[in-house]
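Naming follows writing order (A, B and C), and every chain is counted from residue 1.
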Amino acid sequence: MTAQHQLTAEALVSGYGNRTIVDGVDLELAAGRITVIVGANACGKSTLLKTLARLIKPTSGAVVLDGKLISELHTKQLARTLGLLPQQPIAPEGIAVADLVGRGRHPHQKLFQSWTTDDDRAVVEALDATGIADLADRSVDELSGGQRQRVWIAMALAQQTDILLLDEPTTFLDIAHQVEVLDLLTDLNHRRGTTIVMVLHDVNLAIRYADTIVAVKDGKVLAMGEPSEVVTCTLIEEVFGLPNSITADPVSGKPMVTPIGRHHVRLTQSATHPS
Amino acid sequence: MTSVHTTVDDRRRAPATSVGARRRALSIAGLIAGVIIAILLSLAFGSRTVSMAEIIDGVTSWVQGQTPSHIGAIAVQARIPRTVLAIMAGAALALSGALMQAITRNPIADPGILGVNTGAALAVVCGIAFFGITSPYEYLWLALGGAILTSIFVYNVGSVGPGGSTPIKLALAGAATTAALGSLVSAVLLPRTAAMDTFRFWQIGGVGGADWGTMAVIAPLLVAGTLVAFICAPGLNALALGDDVAVGLGVRIGRTRLLAAVAGVVLCAAVTAVAGPIAFVGLMVPHVVRMLVGPDQRWMMPLSALGGAILLTLADTIGRLIGYPGETEAGIVTAFVGAPVLVIIARRSRMRAL
Amino acid sequence: MTTLPATPDIAARTALVRAGRIRRSRRRVLVMVVLAVAVLALLSAVIMIGNTIYPVSDVLAVIRGESVPGASFTVGTLRIPRALVGALAGLAFGAAGTTFQTMLRNPLASPDVIGISAGASAAAVVCLVVLRWSGTATMFAALIAGVATAAAIYFAARGGESTGGRLILIGIGIGAMLDSVVSYTIQRAAEWDVAVAMRWLTGSLNGSRWEDVLPLGIAVAVLLPALALLSRQLKALELGDAAATSLGVRVDHVRILLILAAVALTCFATATTGPIAFVAFLAGPIVSRLVGHGSSLTIPAALMGACLVLTSDLIGQFAFDTRFPVGVITGILGAPYLLFLLIRTSRRGGSS
């Protein structure tokens, strides 16, 4: 559908200061697909995403876009191909929705060039795609959490990149809004062929929405592939340290992880215990 | 707010850093020795450096109420009031800082940063300019009142909104209030040259002008504040775990906090009234003491007082040496030591919590 | 790049969004025009009003270089430099203040609050009062000291996350230290000169001379357009470092450029007039109420800064029996607004 851009990580090592967090990751992100990175808290999944988006400089190894090191690409040019929605972006006080979405046009604008019809059109398309066209003139401050997240996604869309990285786009949203945002991203992927790479907290939603799932532990990739093929009891136990049981999701037929805690487990001898 | 999470982390970490009795005993011994050394240095150095014998001579004749015959001992006697004031003021400021940090659970709470000094200055200036007050005893009470009002004000402004009093909010509220009150001070002073001269010593704090009379006025306040601080210490330990936990542990948080706050403000206001604005002592000392003996307030309080006494006495002595033939006020010296310490604290504490 | 299949009304709705954007930006233009007119009016007021009020014809004659008895000295030597220095310093403080506030995403983080003015001020005081340097040398010393202060704060705050918050905290500490240098130097000065003291403690336009106008004028003429050019990058930075990077902004480069330009403006102005309280701090927030949100505030805030300084100077000179330096007036006028701003910012939970 689109010019397919290829983003890869080669023997990537990165972290903060002297602390290594991502420790030797090789990753080929399938163009035009949805890749979801999962892992326990502090396993390095977010750092991996940030390194892919050149927010953190790798200590060694490289992030490569279409055969070129991203550190060597012109930053604006890169921003026309690779977009990132950070976990907690900051909305300037009182800004109107359309203006905030319009800020996504930055990489397409030149120093002295004024605002073009293309820019406005991209904004309208982004507003349409995220279903917030009615809110265009409203102030972002007045919006609900779910609507706000749509505005940020719209801003990333107005950037018109073929690859979109998202760092936990569903945090602080209730379950309905989480599904709504993930459906929206899937629509985008289907309609525009945008390559989507995101970090998700909820392993079941990750399995449901991912074409490719990447399981990270201690800064290393443990497994990678189509969820139905790679997600197993042992993998989940290894990644999260949690005994679990896997059944087929009654809705999608994909694997569904049910955690096993120490209580409320229907054992043979306590079968009468309500679970 | 992320601040909540971080405070939770810090709380959990806190008990683990408490150290053994051995280390505590060493710290106490070290600090007491430090106070003695600081006193000796303060008596020994100045425009005329004296020997140990002269110090002993000067002090003994002072105790006996005699005027010594030779000049070295006279110099020592002249240095006694300022040394006593430096010890009192340093101890009180450090204690005040420890109290404020404990109450606000905020690593940078310090009388100087809270704008207490400028509040006191404004009150004194108004007293001199509008009510013709000239006696130091009267403007001592004005300073006290101004300091108390300002600190209450800054704390309240700095703790509006989610997350309570975060370091940044508090620092900004203090800096901004200081600037605003500073302009008012200028506005009041400008048409009144006479008041301006009276006021000049208020610009920078120091103990050079120590005087037994004013010290006697603030001494009861300092003693009372210190006692309250020690009494509050166990309650403040519980408060460090958060209001909800403290209530669960049976602490009457409202009363503990109020008592401790009153003690903290009275301590620093009394010092400011006599010695002028001395910043950063209350900020630095509790941090160093916490590194030595851990976060238990029952030890923090007395050791901070010792540490503050050492710091200010040394700062005053150093100021006398580097400013020779005049002297550099202790307030300047502490500001220069204090700013880098603030930088270190700001770098250590996790700023996401701001 | 593929786009979504064009729906029939997309052109119409594009026009609608465009209209909304233009409507919002028209307000900004209007405010700028009004402020520019106000600055000109205030300039003429400062030039004409005084113990003797000179008519426009006299002022114009002086400007043309004709010799008018009385007016040539009062207007030509005293009032015009005073008005120009006031306007230029206001422009500089306003633009620098709003740049810092926007960049650090905190309306309280202007260069006067976070210690940069204090650096320039301390250097200027030491050079003038202790070393007895000339005005120009002092100005450059102040510039260097201000940049050094800013660099010290910046590097002390670097590393890890949320540099912004730490920067403010460290700046306040270093500012307190440098302020004590100013007080100390003034107190130690051989003669207690009230005018000098007030200039360096609160800022004043008294004694502005033609020699002051030129360096400050050049600085403003170069640096203000530079800040205006960077305003688009600044708008991206406002969304957070991560978002700005992903929009193709080289965050570190742009931030250093912005800091340098804003610090230099602050230092030139501070070296000329002293740290006029609260102008850098207030111009941005006031103007953002007028302009509405989301558009660049650099130029409007600069104009507002000039208005604030000139208005306060007129008030300080003529409203009371005593002539107050401009900084005392801005300090007192600014205080209530500052407190309002403190409380409101805290309520929103914004800071770092």
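We adopt the following convention: a contact is a pair of C-beta atoms (placed from the backbone, for glycine too) under 8 Å apart; a residue touches a chain by one contact, two chains touch by 3 or more.
From a predicted model like this one, the values you see are computed outputs, not experimental measurements.
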Furthest chain, CA centroid comparison against chain C: A
Pair of chains whose C-beta contact count is the highest in the structure: B-C
Centre-most chain, if every chain is reduced to its averaged C-alpha atoms: C
Centroid spacing, where centroids are CA-atom means, of chain B and chain C in whole angstrom: 35
Where chain A and chain B are represented by their mean Cα positions, the distance between them in whole Å: 51
Chain centre separation (chain A, chain C; CA means) in Å: 41
Sites on chain B at which at least two other chains make contact: none
Where chain C touches two or more other chains at once, by residue number: 159-160, 348
Partner chain C, residues of chain B touching it in the complex: 1, 108, 112-113, 157-163, 166-169, 171-177, 179-184, 186-187, 190-191, 193, 196-197, 200, 203-204, 279-280, 326, 328-329, 331-332, 335-336, 338-339, 342-343, 346-347, 351-352, 354
Residues of chain C that touch chain B when the two form their complex: 106, 108-109, 112-113, 156-157, 159-163, 165-166, 168-170, 172-177, 180-181, 183-184, 186-188, 192, 194, 198, 201-202, 277-278, 281, 321-322, 324-325, 327-328, 330-332, 334-335, 338-339, 342-343, 345-349, 351-352
Partner chain C, residues of chain A touching it in the complex: 1-3, 16-17, 50, 53-55, 75-80, 82-96, 98-100, 102-104, 106-107, 109, 111, 115, 117, 120-121, 123-125, 127-129, 133, 136-137, 139, 156, 159-160, 162, 165, 167, 191-193
Complex interface listing, chain C residues touching chain A: 1-4, 7, 10, 13-18, 20-21, 24, 102, 105, 159-160, 229, 232-233, 235-236, 238-243, 245-250, 288, 292-295, 348, 350
